[in-house]
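Lettered A, B and C in written order, each chain numbered from 1.
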Amino acid sequence: MTLKKFAVTFALGSMALLTAGATVSTAQSHVNSPDPLLGTPSVATETSNIDGITGHAESGKHLYRRFCIGCHGPDGNGQGMNAQWIDPKPRDFTEATFKCRSTPTGTLPTDEDLYNAITRGFVTTNMPSWRPLNPQQRADLVAFIKTWSPRWAKEKPGASLNIPPETAITIESILHGRELFQKLECWKCHGPEGHADGPSASTLTDSKGNPILPFNFSTGERFMCGDSNRDLYRIFMTGLDGSPMPSFADVIQPNDAWDLVHFLRTLQVALPNQELTLWQTYKAAHGKDLKPIGPDSAGGAQ
Amino acid sequence: MRMKFFAALALTVAMGSALMVFATPPPAGSGSITGKVTYTGTPMKMKPIDMSKEPSCAKQHATPITTENVATGPGNTLQWVVVYISAGDEGTTTASQGVRYDQKGCQYLPHVLTMLAGQQLQIYNDDQTSHNIHPLAKVNQEWNKSQPPGSPPIDTKWDKPEFIAVKCNIHPWMHGYFAVLKTSHVSITGEDGTFDIKGLSPGKYTVTAWQEQYGTKTQDVTVGAGAATANFVFTATPY
Amino acid sequence: MPTKFREGANPMNIKWSRWKTILTCAFLVLAIVLCDARAASALPAGKVIALPMFARKYGLPCSACHTAWPELNNFGQVFRDNGYQLMNDRDSPIWQNPSYFPISFRITPSWHRETTTNQQVDSVPGNGLGDGIGTLTQAGFDLSGMDLWSGGTLYKNISFILLPSSDPTAVWHFESAFIRFDNLWHSPWLNVKFGRFELDNLISEKRFLFLSANGGLYQIYHFDNPGSSNNFGYGDNQIGVELAGHSANSYTRYSVSVLSSNEGGVNFTTDVVPGGTPSNRSYDVNLAFSQAFNAPGTPGESGFGLERVGAFAYIGQRPTNYETELGTQLVGINNKPFFRIGFAGDLSYKNLELMPLFIYGHDNPYLGAGVPSTAPLPPGAQAPTFYGGFLEAHYYFNPQNVALARFEQINVGQQAFTNTSFGGSNGNITAVSFGYRWYPIMFSRAGVALDGEFSRVRTIGQEPESGNGTGVVGNPTGAVWSNSIYFGIDFDF
C-alpha cells in the first residue's frame, strides 16, 4: 500500500471512529449506561397543562439536560456544578417548595405558576428568563420538573388566589396601606422605609439555613415574582414558601391588601410609579404630620 | 349419677372460665414502660436569650430565658426528650381532641408538642407582637403564615409522621418542635428526665427516644402486665 | 455526478482493494470497542457547553445558548441581541466579583490532508519553468489560528466585543472590535453598534461547525466572479455602524448597517494587516430581516421546533481607479456599485436542523472590466453576475454529539466578458462537506470538541477558495478538485 492510500484510510478511519464512537456512546447511553440525567420513573407519564398546551416530561428531560442541569443539577436538587458560586441558590425541585405561586402557603403551585416562573425568570438571580424557548418547550419543562418530587403524585395544587379588581389609587388608600405596614410589622424585616434594614433583617435565613435578605424596596429592582400590582398583591397574600416571607392571606382583607400594595409602591423611590408621585405630593404638604413607622412608644406593635 | 354429672359440668365450666380468664389478654392499659433519659459527657451550654429587639416580650421575663435545644436537669437528665413506641401495638391512631401550641413571651410553649398524624392543631399568639409560624417540614409540606396579635388561632394538622422544626423569622431565637407521630403511646421527659408510657398491652415493643440535638436511641422492650423499665443514655457533646 | 467524485473517498466503491475495506472496517470495530459508553460516562457528562467567559459569568451550561458551540440557539440569540445581557438587573460588570475577567480563547490543533488537482507545477522539480500540470498534496499536523475573545458589558446596556485574532503563524489582527449601545429608550428595537463587526447574517460563518480548509467556509459568502476586481465577502467582518432591533424573544429581527467600502479594512486600506490596497471614500449598506415562528407539530406531541426565514441585501461600491503619487496608489476613486441579495432559513424538525441559503450577486461591468470608469468599456464587457446557494444539515443526537453535512453550488450567470475563452461556466463551484463534532466535556468553564470532516470542492478553471494549491490553475478550461480530510481538537477556555 502506498503512504497516500494509508493516510487517506487513516483519516477516513479516524472520522469513522469519531462517528461510530459517538453514535454508539449516545445509543448506549439510552440503553444501559448512566445517563447524565435519569430523572425519576414518572418521567414517562407526567404531563402539564397550560393554556391548552400539554407538556410532556419525556421531552422536558432533554430540554432540562440542555438548559437547566448546570445549576439545578442532575438530581434536580439544586446542586448543579455551578450552584456553589451562586447566591441565591438554585431551586431544589425534590422538595416541591416554590416561592412564586398563586396558591396558598404550603400547597403546590399550579402548572401555570411554574410556567410563568420559567418564562419570567427571577431578576437579580442567575435564573434567566426563558421566554426565548417556545411555549411547548416551557410546558415540557414544567412537566419534567414535577417528576422530581413524589408530592405531585399525591397532592393536588392549591386553589389559585382569587384577586379582586384593583381599588383606586388614592392618597387614602396609600395612608391606610401605611397603617397596615405598621400594624402588620412588615417594617421589622423590611425596615421603616423598605431598605431591608429592619431589626430582624440581619438574622433571616431561608428554609435551608442560608442567610437571606428581605426585599429592599428602595433600590428600584423589580420583584422576583413579577412586577405588576397584581403580582405584588399575590406575593404577600401567598407568601414566598422556602423563605422567611409569610402569607398574610388570613389576616388581610382583599381591599385592605390593595391599600398595602399602593403603599408599598411608594417605597420604590428609584422606580417611578403613580403611587410614588401621589405620595411625594402629599408628603410635601403633610409630611410632618405623619407618625414615623417603627416601634411605638409603648414598646410594641399597635 | 346426676350429681356427678353436674359436678363435672360445674368443674368444667369453672375450669373453662378460669382458662378463659387466663387465655384472654389482660385488659388493655395495664402495662407501661417507664424510665429515665440521661446523658454522659459534656452537653452544650444553654445561653440566655437577648430579647431587647422585642421589648414587649423582654419585659415578660424577669430573667432572660435560655435556649432549649439541650435542656438538662439535675442528675444529668435530659428534658424535652420524646419517647414513643416505634414498633408494636400503636394504640389509637386517631384523636378526638386537638392540641394547642402557644407563642407567649416570644417563646414556644410547650417547646416540643407531640400529636398524632391527622390530629387537629391550634396555634395561638398570646403576645403583643406579630409572629410568623414557619414549620420547616420536609416530609409534610412546609408553610409560613403571619399571625398578628389578636388574630384567631391557626387551625391546621399534619398528615404524615415527622419531627418538624418550627421557627419564627421575625424572632430568630424562637425554636420549637412538632413531634407528629402515628402512635398515641408517647411521653415527654420533664426536668427530672423521667417518662412513662401508659396503657400498653403486654407484648414486644420497640421504643425510640428522640432528642432534637443528639438524635434518636432505640430499645426493644417486652411489656408484661405491669411496668417495664427502659433507660436511655445519650452521648452529649459540647457543640 | 462525475465519476471522479464517486471514486475519490467512497468506501462503497467496488474498486477499493480488499485491504482498504478491511482496514476501514477494523477501525469501525475498534471504535465500537474503544468508545465504550462506560468510559464516556466516567467523564463528567451532561455538563457541557461556547464563550466560556459568558458561561462563567452567569453560571449557565454552554448548551443553554448554543445548539452545539459555536452555533447559537434562540436563547443564545436573544442573549446576544440584548447586548450579551440576560436582562436580570445583574448584567452590569459591577455585580461581578472583581476577579471575574471576561476573556476566552479558542484554538484547534489538527491533522489534515489537502489535495488539489489541475495545478501548474514544474514538470521537473526545480526546473523553474512552470511547464507542468499536477496534483498538489499536503498533509500533516497543524494549528489553526487563535481567537482571544473579550466581550460582555461595560455597563448596563453598553456592550462590547474585542477580538484580536491570529492566523496559525501568530500574525494578529482585530477580527472584531466594537461597542454597542443596547436597548435605546428602553426598547429592544433600537441598538447601535459601532466598530468592526460581523454582518447580521442569519447563517453565520463565524459561528458554524466546520473547520477544514475546503469545508470551513461558505464558498458563496466569498465568491466573486472570475476577473472581477470586487473583493467583497458576505461572511467577512466589515467596519462601520449598525442599527439593529429585535422583538423580546428575537423572533423578529432587523438590521441596517452603513459600512466603509473597504471590506472592513483599517488605516484606510482594504485589509486588517499591513500591505492592503488603499480604500475609497464611499459607503456600503447592508439590510437584513428575519422572522421566526413555532412549527406546532402534531397534536399531543411536542412541536417541531423554531423555524426562521430571512432576507438580506448588500449594496456597495468599489473603486475602479486610484489617486496616485508617482504611481503609488493613495485613495480609491471612480467607484462603481454591486449588490448581493438573497434569502436564508434556519429550519428545525426535532433534532434535525436545515439551513438553506440562496444569493444572487451582480457587479457593475466596470468592476469586471479592469479599466477606470472614466474610460469606455472594453468590447465584450458585461455585468458579472452569479447565483447559487447551499443546504446545510445538522443532526443533534444530544447536546454533545452533532453530525453535519452541506452541499453548495454556485453558477456564474454572466462572465465579465462575453468573449471569454474560458467558457460560461468558468468559476462555477460545486462543494460537498461532511463532518461530526463530539463534545466529550462541556463545563461552564471550558469546552472541548473533537471534529472530523471531509470536504470536496470542484472549481471550474479557478483556484479553490480555500487557497489550497499552487496558486495557478494548470488547465484553465478544466476543473480543479480540492479535497480536505480533517481531524481537529477544538478547545476553548
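Just so we're on the same page, contacts are C-beta pairs under 8 Å (C-beta built on N, C-alpha and C of every residue); 3 or more make two chains touch, one makes a residue touch a chain.
None of these values were measured; they are calculated from a predicted model.
The chains that touch both chain A and chain B are none; no such chain exists.
Sorting all chain pairs by how many C-beta pairs they have in contact places A-C at the top. Farthest from chain B in terms of Cα centroid separation is C. Spacing of chain A relative to chain B, judged by their CA centroids, is 37 angstrom.
Chain A and chain C have CA centres that are 40 Å apart.
One inter-chain figure worth recording: chain B and chain C are separated by 73 Å, centre to centre, where each centre is the mean of the chain's CA atoms. Partner chain A is touched in their complex by these residues of chain C: 9, 11, 19-20, 23-24, 26-28, 30-32, 34-38, 40-41, 44-47, 49, 58-61, 63-64, 74-75, 77-78, 86-90, 111, 113, 137, 139, 248-250, 294, 296-297, 300-303, 305-306, 397-401, 403, 436, 438, 443-444, 450, 452-454, 485-487.
Listed in rising order, the residues of chain A touching chain B in the complex are 95-97, 104-108, 151, 155, 183-185, 188-189, 199-200, 203-205, 207, 239-251, 295, 298-301.
Contact residues on chain B toward chain A in their complex (touch as defined above): 53-56, 59, 128-130, 132-134, 136, 138, 141-149, 151, 154, 169-172. Chain A meets chain C in the complex at residues 1, 4-5, 7-9, 11-26, 28-29, 33-37, 54-56, 59, 62, 65-67, 69-71, 74, 81-82, 85-86, 121-137, 140, 221-222.
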